[in-house]
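Sharing a structure here in structure tokens format.
Lettered A, B, C, D and E in written order, each chain numbered from 1.
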Amino acid sequence: MTSMPKDPMLPVPFRIERVQRELSDTFTMEMVAKDGGTFSFKAGQFNMLYVFGVGEVPISISGDPADRSKVVHTTRAVGAVTKALDALKAGDEIGVRGPFGTDWPVEAAYGHDLVFVAGGVGLAPLRPAIYQAMANREKFGRVVVLYGARTPEDILFKKELERWRGRFDMDVGVTVDRATGKWSGNVGVVTKLVARGGFDPLHTTAFVCGPEVMMRYVAAELEKKGVARSSVWVSMERNMKCGCGLCGHCQWGPHFVCKDGPVFRYDRIADMFSIREL
Amino acid sequence: MVQTETLGRVIDEHPFFQGIDAGLRELLVGCAKNERFEVGEFLFRNGGKADKFFLVRAGTVAVEVDVPGKPPIIIETVGEGEVLGWSWIVAPHIASFDARAMTLTRALSFDAKCLLKKMAADPALGYEVLRRFVPVMAHRLQASRMQMLDLYGPDGEDRPAKKVKIEVVKAVKGSKGKNRKADALLAAPEKPLKATRKADKEKASKKQKKAG
Amino acid sequence: MAETRTIKVEALARVEGEGSLSVKIKDGKVKELHFGIFEPPRFFEAFLRGRDFREVPDITARICGICPIAYLMGASQAMEDALGITVTRPIRDLRRLIYCGEWIESHALHVYMLHAPDFLGLADALELAKVDRGLVEKALRLKKIGNDILETIGGRAIHPVGLRVGGFYKAPSRKAIRALEDDLKWAVETSLATVKVVGGFDFPDVVQDYNFMALRHPDEYAIHEGRLVTSAGLDIAVSQFLDHVDEEHVPWSNALHGVAKDGSHHHVGPLARYNLNHDKLSDTARAAAAAAGLGPVVRNPFQSIVVRAVELVQVCEDALKLVQGYVEPDRPYVDAPIRAGEGHGCTEAPRGICYHRYKIDKDGAVLDARIVPPTAQNQKVIELDLAKVVEQNLAKDDEAIKWRCEQAIRNYDPCISCATHFLKLDLDRG
Amino acid sequence: MPGAETAVATAVILQRDALDGLIEALKAKGYRVVGPRVADDAVIYDDLDGADDLPRGWGDEQKGGHYRLRKRPDGALFGYTTAPQGWKRFLYPPKQKLFAARRTASGFAVDPPAPEPQPLAIIGARACELAAMRVQKRVFGDKDYPDPGYQKRLADAFVVAVECTEAGDTCFCASMGTGPAVEAGFDIKMVELVDKSRHVFVAEAGSAKGTKLLKELGGDKAKDADREAATTRVAKAAKSMGRAMDTATAKRLKELPEHPRWEQVAARCLTCGNCTMVCPTCFCTTVEDVTDLKGDNAERWRKWDSCFTVDFSYIHGGSIRTETAARYRQWITHKLSTWHDQFGSSGCVGCGRCITWCPVGIDITEEVAAIHQAEKPAAKGRK
Amino acid sequence: MAERKKPKLAVWKFSSCDGCQLTLLDCEDELLAITEEVRISYFLEATRKVEKGPYDVSLVEGSITTPHDIKAIREVRKMSRTLVTIGACATAGGIQALRNFRNVKEFIRCVYAHPEYIDTLTTSTAVSDHVSVDFELRGCPINKHQLLEVLNATLNGRKPNIPRHSECIECKQNGIVCRMVATGQVCMGPVTQAGCGTLCPGKDRGCYGCFGPMETPNTPSFAKWMKELGTSDLDVQRKFRSFNANAEAFRKESESHG
């Protein structure tokens, strides 16, 4: 593993090996440490990515935690830094600080049905956990991936989803908010897929990642289905400048989203979800 | 008789009428029939009479709206175990969307006229049916509101510093001395500097002669 | 040759503000010539009414971003005149020092970046930098030294915040002022070199016979106070200025033309100051002028660039002396009870005299304001210069005449934003 | 680290002149000596050339949104209460360079910031200020990601604490349990005794470094009477606090996110951020990336930030806390309530700066008291 | 990291004092470097050379005060990829917006010998009241470091570090003792946007608001406090009516005093 420099604010140089366009505004980058070191992380953690001269941005890791040879990020270009990231290509360098934050407790879910609920680009932070679960497939009951996207054109990791759907040991449900006749899949919000079930609520662990509003409704739907709040995990997002609890920006009630999160157990934060402007 | 039994079992097994009182179920059976729709076939059409509702047993149905000049937009898909159509409850009983089978679809359809009559006659049945429809409608409403939120839509940082609000500004009346020429530079974008305002100039000099 | 030519410069470059020029020539004679100022009026004198007298310096500073000190100081002095107070010697020295800063900045900017390119046939100082980067770097450093003085005393170079009626809000520390010393020593040397450089330019042969008007002070090269004198022999207190100068409103300009009441046209600025105060120049400055071929009287407006360079020597030297002799005043400003009154103030902005008059009521609110900036006063003589320049150059093509005309206007370092504030508020009374 | 070792509690009496020796000795040991001096109409903490810079004969008058220097007749050197800003300025400077980066042939290289300059010698830290240092030490002492800069600066510092013998109108350290007596975190602590007959300091060492330095300074062993006089004065200060905090209600604030008081305080709050800037424990920072024109050199700077700004809670496209009420609530709830969850103590040390330096005099103790009052009947009603 | 093309820069002037564009020339240490990175295509104060649009970056100084200005600013907008307004005139109407509070028609008639020569609007307004603006740089005048920061950020594709918070935060960062609390003089800092470098408080004087309103100015609360400090209604109005008098928050507050 690349040793973290003593100062947590110093980025470590990585080289971009491969850039793959996922959607019109979303891309996946694979990078390796410039010093040739390995990188280990837990599913759900994030890195602070530094684009030289532009700035830094927290991005979840979307690769396989078992693969320590590289670090993979899937990013949507929305701000100045992510747009600058988008402009980089293989061979360019990037600064990395991390990994930071809490992880999806995949091992704690052994013996349960495992339900992944993702919305939009929220599938990216879940992907490492899906990899990890499938590498330990026998430890789980059913493995269900429920995914909602805006339109069929906005479906992230489409090929991978198709591949997963083709497996006999994995249930994949995809729905879009809007479609035209060319689309033969589900149309509707992702909560509807949750409502359809296909898992044993009493023995289910759910990992939810997407926009905050979506997670709120999904968590409520899971609860309605009978899944205990303590078995639901969500991944939060707040302004972050340091990633390691020093800058104070990501505070959310008593929590620092960067170090107490981003992955939170739902029962611990459910009350805070409904407080405005917290 | 065989058919009635079969229909009764189908109703029992469908999540929508799960646990319904056997007597009421029998009343339902009287208005139900099995239907089958090929891919592309419409279950009902926008503007058409809403004289049925469906319990989808297999397959997927697209609830869609036709947009002139564009492919129809699917608002929602309804699949196995779900109920389709509620316009039959609400006057004037006209469907407001198209329902099209996306895959081979099998469904139990209920004749609205028949059912409404029975519901009117037997308030217990009426209550039971509506009791089951209301949550479905509420759920659909919530879902469509969430769709409207466009949760995954772009919300980037690139916003102009300030929204343009054109304010009505009045020029001072009677001002004729057009001795401002800064804008002359800009009159023609392709010739930013050279463009002149001859007319203004001439006016100005005429004015001056008069004044002098 | 019954030919009509029209020469137009729609927007003057390398001047402060927005001006234009239009000349009609018929039969080899200038038929009509307008030096137009299309900078829209901003009505300063109007909205000053009702403001507190203490706000006036900061508000009037916004008339001009290039010579804000001229306004800050002129307005402050006028208010002090109205209140009947005189500042202490250390405050007076600090004022002269900050004014030197503005002169250094403004003159360095004008000489090198706005005016010199004309003499070298270049579009701007950036082209000059391509020819002689070292020279432009020196010019920029010189300009920066002026700005450093402004920033050290006033907080910032444009619209400084440290000045007030009665003096300054806070006097800079001795340490901060002394930090300017080394740079100023370099500036004296560089300004001497500047005189040599610009003294070697080719000057069109234009000799004008103007009535020059400038401040004159018994002990120094007048910058921020003195009596008003003219080459015609007038010698008046600042408060009498309006007895001798009037304004005219012409259709092609948003600025009023300042004209002497006797109908003559007066000329303000470097040439006026030099010609009327040659004896007050420092020995170094005077020697530099002589070496550059300037006599005690200069009547060629194109040589104003050399005179500016000579003045640079003067103010760099003055600034150096003031820096070396700086002592922190006990109190940074002089206070006085508010009373009703009328006050006048006049200072030498880098481009000529800038006059202020205010009337305030017993609560210190402004009843009436009148500001006469230098460029407004020079408008008429600029037009006279242009007529001569055009007639001398008729053989040349339009583009060449145009450029030469622009150059002639730049002789005056016109400050057009200022000029449009020259508004007569009370015509009925005037 | 000051106070790491057990105090060698032998109090000595230092004469007024000994302070010159103290500062000289610290300078000779290579410390950058910072302490109180009068500038810009206040007693501020700044570099000291010598004991002559100390604010001899100056006191202050503080209340909500109000501070005035006051001449005091006794010539006390530490006769003021607290400076406008605490030692945070020195231990966690408002602008810190995080790194410089330069473009290289292959990409870019990151250069860490220059090593720490001289260690600090802090003269005149108050009990509340030492408490603030302890709080920030925990904040910047995360087990995985401590802030090396802060930890080093604090560990290397030499701290001369001066106990308060008078309390200010906006002080409430007694109610927070953080003062006015100094208990830990110092190398030397002193109590100033000044009356007609003498001007002395009762000094005690709190570390080996402190013991050594006190020995160098000489000074007679303090008599019991001197020690008693010192204790009495500090106890008197504890009793004369101008304010008190209801700590129980303060701790509960996180349970009251919908309290109507938030809207009421929002009507007054300017969201100017002064309270967070003067608070000795507020630690939030933002980062700024700067570049040269060519884009070949870049730097990242860390700057003090405030939860009162709109940008503070910005996430793609908008800010979480747009309302003033939400921002004030965030600040006070974090400071007084959720700080306990995060760092095991209150984030408030009772120095009163946020009250004095709020431009409109909003009083943290008053806000908590108002919420306490409003909550009381409700609490009864539930029972 | 490829060599980038030199972007074209234009500097435009409307009703103003020229101070903000002079700020560009006041970047003595950086000016020649700037010209190596950008192509100065239109900048009348500095050069008579003029290049045709479109321009990558336009800096616009000055407020809109004449009917022609309205047309002209629309043309500038069309020709500019990025339009940055610089200074209080361009971002709020400037000091000349004080006319907005008066009856200008009457006013001109009594002021001018030949009112018919004068072509003006009854108001002085911000550029963003007429066309969309990509970035607004505040100040009367703008701060040179902020100008360079905006240019640097634009050239390097990052977000400019231009805070919108109060001046107080900058004051405290710079270690300035609050003038209002420590001396009782009115300081507009709490309702004014940071960026000047704490000039006035650093010179022992209260801020006069030349950077305009901060992001969420609570002017009613602040005005109330000013009055508690002994400021008259008229003076409260004057404080809000200066270089950013027509900025929404200041205008509204000024209208409830005096």
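Please note the rule applied: a contact is a pair of C-beta atoms (placed from the backbone, for glycine too) under 8 Å apart; a residue touches a chain by one contact, two chains touch by 3 or more.
Note that the structure is a prediction, hence the values are computed from the model and not measured.
Enquirer: By the touch rule set out at the top, what is the minimum number of steps from chain A to chain C?
Expert: Minimum number of steps from chain A to chain C: 2.
Enquirer: Averaging each chain's C-alpha atoms to get its centre, pick out the one most distant from chain A.
Expert: C
Enquirer: Could you see whether A-B or A-E has the larger number of C-beta contact pairs?
Expert: Looking at contacts between chains, A-B has the larger number.
Enquirer: Quick one: which chain's Cα centre is the longest way from chain D's?
Expert: B
Enquirer: Of all the chains shown, whose C-alpha centre falls nearest the centre of every protein C-alpha atom combined?
Expert: Located nearest the centre of all protein C-alpha atoms is chain E.
Enquirer: Which integer distance in Å separates the CA centroid of chain B from that of chain C?
Expert: Taking the mean C-alpha position of each chain, the two centres sit 69 Å apart.
Enquirer: Averaging only over C-alpha atoms, locate the centres of chain C and chain D and give their separation in whole Å.
Expert: Chain centres of chain C and chain D, defined by C-alpha means, are spaced 52 Å apart.
Enquirer: Measuring centre to centre with CA averages, how many angstrom lie between chain A and chain D?
Expert: That pair's centroid distance is 40 Å.
Enquirer: For chain C and chain E, what's the span in angstrom between their mean Cα positions?
Expert: Comparing mean C-alpha positions, chain E is 25 Å from chain C.
Enquirer: Can you list the residues of chain D that touch 2 or more other chains?
Expert: 103, 107, 289, 291, 295, 316-317
Enquirer: Residues touching two or more other chains, restricted to chain E: which are they?
Expert: Correct list: 1, 13, 66, 69, 114, 117-120, 156, 158-159, 204.
Enquirer: Scan chain C for residues touching two or more other chains and write them down.
Expert: 11, 18, 40, 250-251, 254
Enquirer: Looking at the complex, which residues from chain D come into contact with chain E?
Expert: Counting only chain D, the residues touching chain E are 39-42, 44, 65-69, 84-85, 89, 94-95, 103, 107, 267-274, 277-278, 288-295, 303-304, 306, 308-311, 324, 356-357, 359-361.
Enquirer: Which stretch or stretches of chain B touch chain A in the complex?
Expert: On the chain B side, the touching residues are 60, 62-64, 70-77, 79, 81, 102-103, 139, 142-143, 146-147, 149-157.
Enquirer: With touch defined as at the start, can you tell me which chain A residues reach chain B in the complex?
Expert: Residues 25, 78-80, 119-121, 148-150, 154, 175, 177-189, 191-192, 195-196, 210-211, 213-214, 217.
Enquirer: So in the complex, which bits of chain D are touching chain A?
Expert: Against chain A, chain D makes touches at 98-99, 101, 103, 106-110, 112, 139-140, 142, 144-145, 147-149, 254, 257-258, 283-287, 289, 291, 295, 298, 300, 302, 305, 307, 312-317, 320-323, 325-326, 330, 334, 338, 341-342.
Enquirer: In their complex, what parts of chain E are in touch with chain D?
Expert: Touch residues, chain E against chain D: 1, 4, 30, 33-34, 36-37, 148-149, 151-153, 155-156, 158, 161, 163-166, 168-169, 172-178, 180-184, 187, 189-191, 204, 214-218, 220-222, 224-225.
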